[in-house]
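Report on the following structure.
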Amino acid sequence: MNAMALITAKEGELGDKAIIVGNIQRMKTVVQLLENPKLVSEFAGYTTYVGTYKGEKVSVVFHGIGIPSLTLVTHDLYNLGVRKIVRFGSATGLKDVKAGEVVVPIGYSYNIGGTFYQYLGEYFSYALTPDYELLNKVVENLKKKNLSVRVGIVYTSDALMTHSKEFLEKVSARNHIAIELEGAGLYFLGNLLNFKALSVHLIYRNGLTGDSLTQDKINEEEKIIAQAILESL
Amino acid sequence: MNAMALITAKEGELGDKAIIVGNIQRMKTVVQLLENPKLVSEFAGYTTYVGTYKGEKVSVVFHGIGIPSLTLVTHDLYNLGVRKIVRFGSATGLKDVKAGEVVVPIGYSYNIGGTFYQYLGEYFSYALTPDYELLNKVVENLKKKNLSVRVGIVYTSDALMTHSKEFLEKVSARNHIAIELEGAGLYFLGNLLNFKALSVHLIYRNGLTGDSLTQDKINEEEKIIAQAILESL
Amino acid sequence: MNAMALITAKEGELGDKAIIVGNIQRMKTVVQLLENPKLVSEFAGYTTYVGTYKGEKVSVVFHGIGIPSLTLVTHDLYNLGVRKIVRFGSATGLKDVKAGEVVVPIGYSYNIGGTFYQYLGEYFSYALTPDYELLNKVVENLKKKNLSVRVGIVYTSDALMTHSKEFLEKVSARNHIAIELEGAGLYFLGNLLNFKALSVHLIYRNGLTGDSLTQDKINEEEKIIAQAILESL
Amino acid sequence: MNAMALITAKEGELGDKAIIVGNIQRMKTVVQLLENPKLVSEFAGYTTYVGTYKGEKVSVVFHGIGIPSLTLVTHDLYNLGVRKIVRFGSATGLKDVKAGEVVVPIGYSYNIGGTFYQYLGEYFSYALTPDYELLNKVVENLKKKNLSVRVGIVYTSDALMTHSKEFLEKVSARNHIAIELEGAGLYFLGNLLNFKALSVHLIYRNGLTGDSLTQDKINEEEKIIAQAILESL
Amino acid sequence: MNAMALITAKEGELGDKAIIVGNIQRMKTVVQLLENPKLVSEFAGYTTYVGTYKGEKVSVVFHGIGIPSLTLVTHDLYNLGVRKIVRFGSATGLKDVKAGEVVVPIGYSYNIGGTFYQYLGEYFSYALTPDYELLNKVVENLKKKNLSVRVGIVYTSDALMTHSKEFLEKVSARNHIAIELEGAGLYFLGNLLNFKALSVHLIYRNGLTGDSLTQDKINEEEKIIAQAILESL
Amino acid sequence: MNAMALITAKEGELGDKAIIVGNIQRMKTVVQLLENPKLVSEFAGYTTYVGTYKGEKVSVVFHGIGIPSLTLVTHDLYNLGVRKIVRFGSATGLKDVKAGEVVVPIGYSYNIGGTFYQYLGEYFSYALTPDYELLNKVVENLKKKNLSVRVGIVYTSDALMTHSKEFLEKVSARNHIAIELEGAGLYFLGNLLNFKALSVHLIYRNGLTGDSLTQDKINEEEKIIAQAILESL
């Protein structure tokens, strides 16, 4: 691969662990938990911080919206030596999942084509699953903090604006417990390139009931989740 | 659905737990661990036993070869009230997985089309993953018996005779740790119909190195695995 | 291909003609018409008999349910030297086809993907048709026995449990005269590997009207059909 | 359907039998065998003749090149009351099929998409096969005239200019005995709309060996084939 | 490519400019505007004329119905040295496009598969657009003649007989301004083989309102459009 | 649609014209050319400015990386009343396109699936083209500023990291003049929702030759291009 990188750091500079986020506010929440966080890369709106947590280097990286954006950032991290990546994001809850619950996907459903076709060169339903050990460690640490954790399947949508009520009901009827926009890309590269990947989604609202969190509650809970993730890396 | 059933038992007769197998020999191994096992259905070469394990009813069911065969049997079990299904099968190891290791799939890759298209009515990469709790319990019980357990992704092939060395290398390079012929069907229905599903594969041989188990070793190890599965239901 | 075989016979042991069946009961019906039938292979629930009919060796082989199962068995037979294969099965009648009629498919419709994709390496509508001479001979012999024979197109489904009334009506409206679960696999390999293939389906019931045969009538008629097939090989 | 028709004849004017051709010269050959042939429609380069053969009305219709062209003409004929359609065309031979042999397809392979997708509304491998009785009658009449007849599968290509030697070898290796540009469209509508359809292809040349017929030999043989077709209607 | 050509002219004989048409009547209209037009090829119903316009050689070529027919003719022209091709056709108007308006497509939508798959060897949405300079010149010349010109996207259908009112409304709702049967093939080869391509469609009727032109008006307007095209080559 | 919006402005607040960019630096370049620019929305790393240019309101909006990101932002803009959107981005040149040239796509090629499938509900090659008037106006204004403008087809890739030399050569051989990551999404929504859309790409480097611009030259030229775009709205 001779493609241009988004992250202007040097190989090794980032350590081998990263938390990636799609929201600048959430990024700050994570960075504030690090010791000596430094901005090491800023390009085209994409920023990367490196700090330490209990003596170990951890990067915090913005991944933007959608599978192509996340996979570009993630593949970049892989090229720079990162081998353990946790995505910390939000998601819209489905079925009986409530705002404030934490969804940890054991697998993502996704649309064929696009990014997957370009990497694989064929239409193929590649299993998108997390690293099993990392999954267990994060679930355990989240539970220790008295968070309500749900492990199940999540659908990564490519078009938020098509999320009509009818569409969400169809996705929910197939027993997805949440819907969001990027996660499939992370688990895809994790399995294809062979690094440890996991996603953690805070449910801001349930897409069917409308039940939702206040911004204050979000901020408070994201801080706790970030702590649990950092402790698991 | 008004489709003909393969299992001629009555609703409720089977209990809510089943172990399904694709090999008559392995079926016997499991049945012998039950108390009072009885043949409750025999049709077209497909047989079903019911017995009890530590006081709880367990069915043991033959599922044949291939996704259409397994899904037919499995959907039948679902219609008859079964809600926890463990498939106990073999698989061909890939990557560094050795004969004698036990593969527990956290997800299956599969070919689009066929059974999946008929159920979903569209080409869609539906996440095929197990029940998380059941996964954890079985992995734990397998490890307690000192088995070497590998949790990872497995490819369900639809055509054993296309498994050339080149093909297996491609599947292995995508970091599948095993290849077999039915598992995707189980996790598919588990997620679609919402019952607890899990697969356990004993590796008879590694498809790349040729490293393989003797029949005696297979029989011995399958008895231990069957025990672990029964203890987890 | 270095794939494991299901049939443990040696090359040549089976002769070059086989009748394959998906039901153990029907298998017995055929075997009883042979001279000196012997069980030559039994593996994982799959059995193979060899006997003679009017001095010529004929194998009778169980193929299980679904395209992957049938194609595995059939490719195995091909590898063992068999070059003329008649599948003798049942099917659900559509349109005005009545229980008790015999459907001989001049072609199968099928879902793209799965087994076909693995063999061909692309999505392609490969013509699934029988050997013309064998078709004519079998049709003629069936008619001589005063059976009502229907030659037309049949749909090989991959998911029996999706056969709602609405689904069957759609398949029927496309002028399929029957629906079943394996036949496409046989004609596929027949054309791809270049051996003589044909299917014969006894209609047990019509999927739209519910009109059906008694088991006694089935047994009686299957014996006559088996005779006609044996005379045509 | 309120679509514009290509054939400007009135319903019933054409009788219920038609021979369709893709070459104006071949059209003349057929028309000359009719009594009282009359041009009944001419539009956009597409012409239709009606005459009688042994007292029965027969239409002869130009269908142009490619599946969309043939299906448009054929669906038009169906709308005008025609229920038995034989396509009389040429084809390029594959495998060991020689120039001068007559190929009668028992099925067509084809590319998914295009015309098929528009009619069916999904990607589906619909069986493209002829009417069995018509097939038998035409094959018998062709043989009576001492023509060398080959019944097998034929591939309908959508892009003549992609027929490189490598491409033809791939098509031949899948045991197609000929390749041409329209036939799949006829068998498709025959099965979908439920009328009797058959194709007859004179092999002008073999695509692999280059072996070919002179124009004189073509003219002579086409006259004989046309006679055989007319006698079969 | 060693495929048989439809056009029996020699390389260079046709010049480097061609107008292609799908209607024999329209062909005459164009030919009559040339000096010294000569029929240089006639094969299987496909004819080609060559004449001069303002001293420059221009070919006028019949392309038949459907993408496979047009692409065969067009690729033939390319092989014979033609590098600027304008298709002059009709189309059915959608949205608010009125009979008598002239649609110049800036892009074509099309069904995947078929011809496109054979050329590209994969399912891919290849941009089908005209040569920008030629587009501008033709639009300018059409407007100079006081024609009402509409530049927009057009859908190339593969099956005229599926054009129900409901279907046309769907196509119109996606903001296609017209629907027709061949244009995608021209822009496809123009982009793939790198020659200058453009289509001009006279709207004979609007498919939703039924509003249509008389034949006299068509003849009159086609003469003017032909003039504008010739002036732009 | 009841989906959450990314842009927190109110309907009408943005005016009906927007320039969208995927790079924060380029955003500044555009904003500096406006009078009274104000930040009106900032969410999750996505920012929107509104100012005036020659008395008319213009928004400048960050769209992130990839089709899902751009379409989300763009659909949001549409919902807020914007009806004319120019994307101002960079691209990698192919064929003979040099660094410093300006590519204006007359159409985008793209991978099927993903965002397109979710909006359309089927696999369909929808024409992705710009508004013709806007295209002409921008091309004219760019040329007036002595920029070297190339109008042609561009491929929107979903996976930058797959851009090996071999891949770029394949894309180039299909006569795409550039490759980038978002443009198809803009033209898609422009055609589907019926607003005026156009993309302008500055070529930073040629992907085949490596020929590239310095950052100074980029800054300088982007200012000129931004001016030309603003004058065209």
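We call the chains A, B, C, D, E and F, going by the order they appear; numbering starts again at 1 in every chain.
Keep this in mind: a residue touches a chain if its C-beta (ideal position, glycine included) is under 8 Å from a C-beta of that chain, and two chains touch if they have at least 3 such contacts.
In this text the structure is predicted, and so the values were computed from the model without any measurement.
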item: Neighbouring chains shared between chain C and chain D, ordered by label; value: none
item: Distance in touch steps, counted as few as possible, from chain A out to chain D; value: 3
item: Winner on C-beta contact pairs when D-E is weighed against A-B; value: D-E
item: Most remote chain, CA-based centroid, reference being chain F; value: C
item: Equivalent interface positions on chain E and chain F, same or different at half; value: same
item: Chain A and chain C, separation of their C-alpha mean positions in angstrom; value: 49
item: Whole-Å gap between the CA centroids of chain C and chain F; value: 57
item: Between chain A and chain F, centroid-to-centroid distance (C-alpha), Å; value: 27
item: Chain B: positions in contact with at least two other chains; value: 111-112, 116, 123
item: Chain ring listed from chain B, with chain C in second place; value: B, C, D, E, F, A
item: Touching residues on chain E, where the partner in the complex is chain D; value: 1-4, 6, 22-25, 44-46, 62, 64-69, 71-72, 75-76, 111-119, 157-165, 181
item: Chain C residues touching chain D - in the complex, by the definition given at the top; value: 105-112, 116, 120, 123-130, 132, 136, 151-155, 174-176, 191-192, 194
